[in-house]
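Following this line, the structures themselves.
There are two complexes below, and they share chain A, which is joined by chain B in the first and by chain C in the second.
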Partner chain A sequence: MRPKKAKNRRSSPAVVAVVVMRLYIADNAPNSIKAIANLEAICKEHLQDSFKLEIIDVLEFPLRALADGILVTPSLAKISPSPAAKVVGNLSDRSSVLHALGIKE
Partner chain B sequence: MTGVAHPLPKLPTGIGGFDELSHGGLPRHRTTLLKGGPGSGKTVFALQSLVNAVRRRQEAGIFVAFEESTRQIIANAASFDWGLPALAKNKLFFLDAKLSPEVVQSGEFDLTGMLAILKAKKEEIGAQWIVFDGIDVLLTLLQNPLAEMREIYRIRDWLADNHVNAAIITAKIDGNSAEMVNYGFVQFMVDCVIRFERRLEHGVALHRIEITKYRGSDFVAGEYPVSFGLSGMEVDAPEPSEIRHEASTERVSFGFERLDTMLGGGLFRGSSTLITGVPGTSKTTLAGKFAETACRRGERTLFVSFDEAAEPIARNLSSVGIQLKPHVKSGLLRMYSSRTESIGAEDHLVRLKSLIRQHRPRCMVIDPISAIAKAGGMDAARAVANRLIYMVKDQKITVVVTAINQGDEPETEATDLQISTIADTWIHLSYLIRSGERNRALTIIKSRGTWHSNQVRELVLGNTGPTLADVYTAGGEVLMGTLRWEKEDEERAKTIQRRAEFDHKRGELQAAEAETRARIKALQHDLTRQRAELATYSSQNQARIVSSSDREQELRRIRSADPARRASGNSGGSGKRNKKGVRDAA
Partner chain C sequence: MSAMQSEPLGRNQRGARVANDRILRLVKSGPERRALESGQVDAVLDHATGTALLLPDAQRALFSAGDQIANSLLAALPREDYQRLLAELEPVALTSGEVLYEPGERIRHVYFPSDGQVSLLMVVADGKTLEVGLVGREGMVGIPLALGAEASPVRAQVQGSGSALRMKAASFREALERCLPLQRELYRYAYAKLVQARQTAACIRFHPVAARLARCLLMTRDRVRSDQFHLTHDFLALTLGIRRVGVTNAATDLQRRKLISYRRGNIRILDRKGLKAASCGCYEIIRNLAS
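Moving on to the complex of A and B:
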C-alpha cells in the first residue's frame, strides 16, 4: 500500500541539511504513481535518509492543496532549505528535479 | 428533425445582442467554447457572462485563469462598471492557474488534482458557472498531443459529473491555424462554439463575433460587430430581416412652412430624411431648424454631430436665428459630438444606441452621417449607416441625417453610403451659379407616400432662420438671387399698376351705381304720385255715378211714378257724406 499522508525517514547524523518536501498527488493517477516512484528513487540515491517527505492526496485535501498554491498533479514542493522550489510533473526528468532540490549530481 | 417539442434550455448571458444572436444565450448544462486570437474579447465575454449571472440571478461562478493572473484580470475589468472586486469576495472565485515561470517541469502531469480543487471550491461556494480561460496555455504545457486529448477528456468528464449551469472554455485559436490538432476535438466535445476576431481595417480595430456551432439550436449565422463600452461588451445583433415599421400619417413640421408645404404638409412621424449637398449648402442649418422645431413642440431630441463640438454648432446656428442652447439647458435637447476617425463605425452605432436608450428622443439629427465612412472600411460604414437608420425607425424616431456629396450632383450620394435608397425623404441642396452669383437651391428628390413639389427653390438664410424664397421661372429656369430680385421688382411694379387700374375702375362703377340708385328713387316717387292720382280720379267718378242715381229717384218721386220711401232720403244723405270723404282723400 502506498503511503498516503505523511512519511518520515530519519537519516543518520550527517552534515547535509535535511530536505523538507511535499509531494501532491491525485490518488492513484498514473502520473502520481510514477512521481512517487521517481522521487523515492532520487531520494534513495542522492539524499539517503536526510530528507523529510510529506505526500498529500489532493483528492482528499483539495482545499489544503489550493491554499498551498497547487494546481496540477503531481507537484513537488521543496520547503527547505531555501530557496523554495516547485516542480510539476511525474519527475521523470531527474536532472531538473535534482537541480530544483539543490542537489549536485 | 420534425417539430421542436422541447426547445433547448438556455441561459442568458446578459450581453447585449448576443442573447438575440443565440436565441436565448448559452446552452444550459453544456459547454461552450470561445475561440479567437489574442485580444479578441473571449475573456471579456466569459467574465461578463459570469458577472451577469451573479448580479442578475445570484448564481455564483468560478473563473480558472490559465493565461493571466487573477490580479491582472480584475485590473483589466476595472474599466467596466461590474464592481468585480466586490463580487470576487464571495460570489466569484478566481483560481490563479497560471504556472509561475519559476516552476520547473519534469515529466508529464495532469489536471486530476486541479479538478479536485475546483470540485471542492464549487461545493463550497455553490458555483453554477465555470470558466476555463486560456486552456490553450495549459495544453501547451502538456507538450504532447496525446496528453492534451487526455486532459480535454478529463475536463469533459468533470463537467459531466459536476453539474454546472454553464461551462465556458476559452482558447486562443486563430481561424486557420492548424497547429493545434486537438482543437478540432475540443470543438467536437463542446455544444456551442463562438468565434471571436479582432482585425485592423484602415488602422481601426474592429471586433467581430460569430456563432459557428450550436448543437440542437437555431442561431443567427454570420459575423457581427462587437464593441466595448462602460458596461462591457455589446454585440450589434442584426435587426429582423423583415422590415416592419408602422406607417404614421401624423405630420411633423420641418420648421418652416414653405418646406412643409413642399413636402405636402411636413415629414411623416417616424420617417427618415436625408439631406445631401456639398459643404456649405446649409445642411446643418436645415437639420438644426428641424431640431429646434421639435424642441419647441416639447419633444425630446438628440443632435449627433460628427463634425463639430456642440458649442460651435449652437453658436453658428444662433446666427441664423436657430436657438438650441435653451433646449439643451431644459434637457429636451441632447447634443453629442464625436470624432469619427478614432473609433470604428460599429462603435458609433453602439454609442448611439446607448444614447438613444438614455435620452429616449422622438426626433433625431445625425450630422453628417457620411462621416462614419471615415473610420473603417466603406462596407462597414454602409452597413452601419443602414442599420442606424433602421434602428432609429424601429423606435419610431423621426430622423434627419445629412450627408456630404463630393460633386454637386445628387446622384453621387447613391454611390456613397447609399442611404438615399432607404431614406423616406431626400432633400438635396446645391449651389446654382448664374449671373456671377452663387445661390443655394433646394430640391426634394423624393418623399415617399406624399405629394411633394417638384420645383427647385431658393434657400435664403436670414437672421430669423432659413426660408424658401418664392419661385420665379423665366425661360424654364428658376430665378435666384439678383435675378430673382429683378423679377420680384418687376412683379411689384406690375402689381401696383394693376391695383391702380382696379381702384379707378371701381370708382367709376361705384359712381354709376349711385346714379342708377338716384334714378330709381325718383322713379319710385313718380310711381307713388301717379298711383295716388289714379285713386282720386276713381273715387270722384264713383261719387258722380251715385249722385246721378239719387237725382233719377228724386225725379221719379216728383213725377209720382213711384210710392214714396223714407230710406231714399237717407241714401241721398249718405251719398253727400261720401262725396266729402273722397275729396278729403284727394
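Moving on to the complex of A and C:
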C-alpha cells in the first residue's frame, strides 16, 4: 500500500491543526485529474502547508479502497481532525469540499 | 447519466455494457449516485470481485493516454501538462466537407487534428474563396482564440477526413492561462502561420498555377503522410482561388511530366523529388517554418 504522494509539513504545530486526507482516484482518468487539480488549488489557498494528503489509485489498490469504505472514484476522505467527512466526485463543488474539510470561506 | 451514455471503445463495447449494468446495481443512491449521474465518476469499486470497474469515458481516456500523441502541438507539451489537458479534450471525427467555423462565427471549440486536415478559407463578398492556411496534425484550428479574438475570420472546412481532439473555448482559455508550455507552442505556431500567410500571398501574386498546385499537393502529402490522397477538382479550385478549368490545365501539366496521376480526385504523387522541383520555392520556406 504505497502512497503515491504525501505532504506533511507544519509551520506552527502548536496552533495549526493538520488536516489529514485521502484522495481515491483511478490513474489519470479525467475526473481523477480534475479532482487532484481542484484539491491542490484549495489546499494551496486555504491550508498552505498544514495538510497531509495521501493519493490512492484504486486501479492499483482496490482492496485498500474497499476496506476504507470507498464506492466510487474520485472520492476525498477527511480523516482528521474529526468529524470525518467524505466528498464524492471531481471536487469542482468548492463549497462542499471546504465544508467537508471544516474550512470557513 | 452522461458518463454511462458515452460511446465506449469498440473493442470493449460488450464488456463496458455489462460493467454499466453492474455499476447501476452497485451505486443505487446517495452522493455516489448523484456524482455518477453528473458524470463525475471514473470508476466504481466492486466488493464481489475486489476490483475497480472503469466507466467508458475513463476507459477511453486511459486508453488514448497510452497511445502515441498524434498531434505535434500536444506531443511537444510536458507529459504532466498533456495529461491535465486530456481531461478537457474530447475525441471527435472530422468528416470531409464539414465546416467547423464560418467567418465571423464565435469559436466554440478548438481542434487538435490527429489525422486528416482542415482548410482555412478566406471568403470574399461574391462567395469566392481562397485557401489561406492548412491545418493538420502539426497544428490547431482556432488560433484566434489563443490571440484574444472570439470569432474566426475564416471558414474552417475539413478537407480530408480524420479525427481530432477538441476542447471547449472556455476550457481552452483557462488552459492557456495556466499552462505556459501550451502558450509557448501556440505562439510559435501562430507566428509560423503568419509568415506562411505572407508567403502564400506573394506566391499567389507571382507564381504560376502549376507550381502552386505542386506546392499544395506537397503540403497535403506532408500532412496526411501518404503519397496517395483524395482532393476534388472543386476543392482544389477553392483552395487555389482559380476556376476548375485552371485546375484541370495545371493537373494535366503535372501528369504529362509524370509527376502525379490524377483520376476523379484520387491523387498519387509519382515523383516527389520532381514535384518539389516543379513547385515554387515557397514550399520549402513554409515547410521549414512548420518544423
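One rule holds for everything that comes next: the second predicted complex is superposed on the first by the 92 of 105 C-alpha atoms of A that agree within 3 Å, B and C clash if a C-alpha of one lies under 4 Å from a C-alpha of the other, contacts with A are read in each partner's own complex, and residues count from 1 in each chain.
Here is the rule we use: a contact is a pair of C-beta atoms (placed from the backbone, for glycine too) under 8 Å apart; a residue touches a chain by one contact, two chains touch by 3 or more.
What you see is a predicted model, and the numbers here were worked out from it, not measured in a lab.
Peer 1: Looking at the superposed three-chain arrangement on chain A, would you call chain B and chain C a clash or a fit?
Peer 2: When both complexes are placed onto chain A, chain B and chain C end up clashing with one another.
Peer 1: More chain A residues touched by chain B or by chain C?
Peer 2: B
Peer 1: In the superposed arrangement, does A:A37 touch chain B (first), chain C (second), both or neither?
Peer 2: So A:A37 only meets chain C here.
Peer 1: So in the superposed three-chain picture, is A:L59 touching just chain B, just chain C, both, or none of them (first/second/both/neither)?
Peer 2: After superposition on chain A, A:L59 lies in contact with both partners, chain B and chain C.
Peer 1: Which holds for A:S50: it touches chain B only (first), chain C only (second), both, or neither?
Peer 2: In the superposition, A:S50 touches no partner, neither chain B nor chain C.
Peer 1: Looking at the overlay, does A:T73 come into contact with chain B only (first), chain C only (second), both, or neither?
Peer 2: Both partners, chain B and chain C.
Peer 1: I'd like to know which partner A:V88 touches here: chain B for first, chain C for second, both or neither.
Peer 2: In the superposed model, A:V88 contacts both chain B and chain C.
Peer 1: In the overlay, answer first, second, both or neither for which of chain B and chain C A:A26 touches.
Peer 2: In the superposition, A:A26 contacts both chain B and chain C.
Peer 1: Contacts for A:V97 in the overlay, against chain B (first) and chain C (second): which applies, first, second, both or neither?
Peer 2: A:V97: touches chain B, not chain C.
Peer 1: Looking at 3-11, 39-47, 75-83 or 111-119, which bit of chain B clashes with chain C?
Peer 2: Only 111-119 shows clashing C-alpha atoms.
Peer 1: Which chain A residues lie in the overlap of the chain B contact set and the chain C contact set?
Peer 2: 25-27, 29, 31-32, 34, 58-59, 62-63, 65-66, 70-74, 86-90, 92
Peer 1: Which residues of chain B touch chain A in the complex?
Peer 2: It comes out as residues 95, 97, 99-100, 102-114, 116-117, 119-121, 124.
Peer 1: Quick check: in the complex, which residue numbers of chain C touch chain A?
Peer 2: 26-27, 31-32, 34-36, 38-45, 47, 50-52, 54, 57-58, 61-62, 65, 83-84, 86-88
Peer 1: Where on chain A is chain B touching in the complex?
Peer 2: 24-27, 29, 31-32, 34-35, 38, 58-59, 62-63, 65-66, 70-75, 85-94, 96-97, 99-100
Peer 1: Please output the residues of chain A touching chain C within their complex, sorted ascending.
Peer 2: 25-34, 37, 58-59, 62-63, 65-66, 70-74, 86-90, 92
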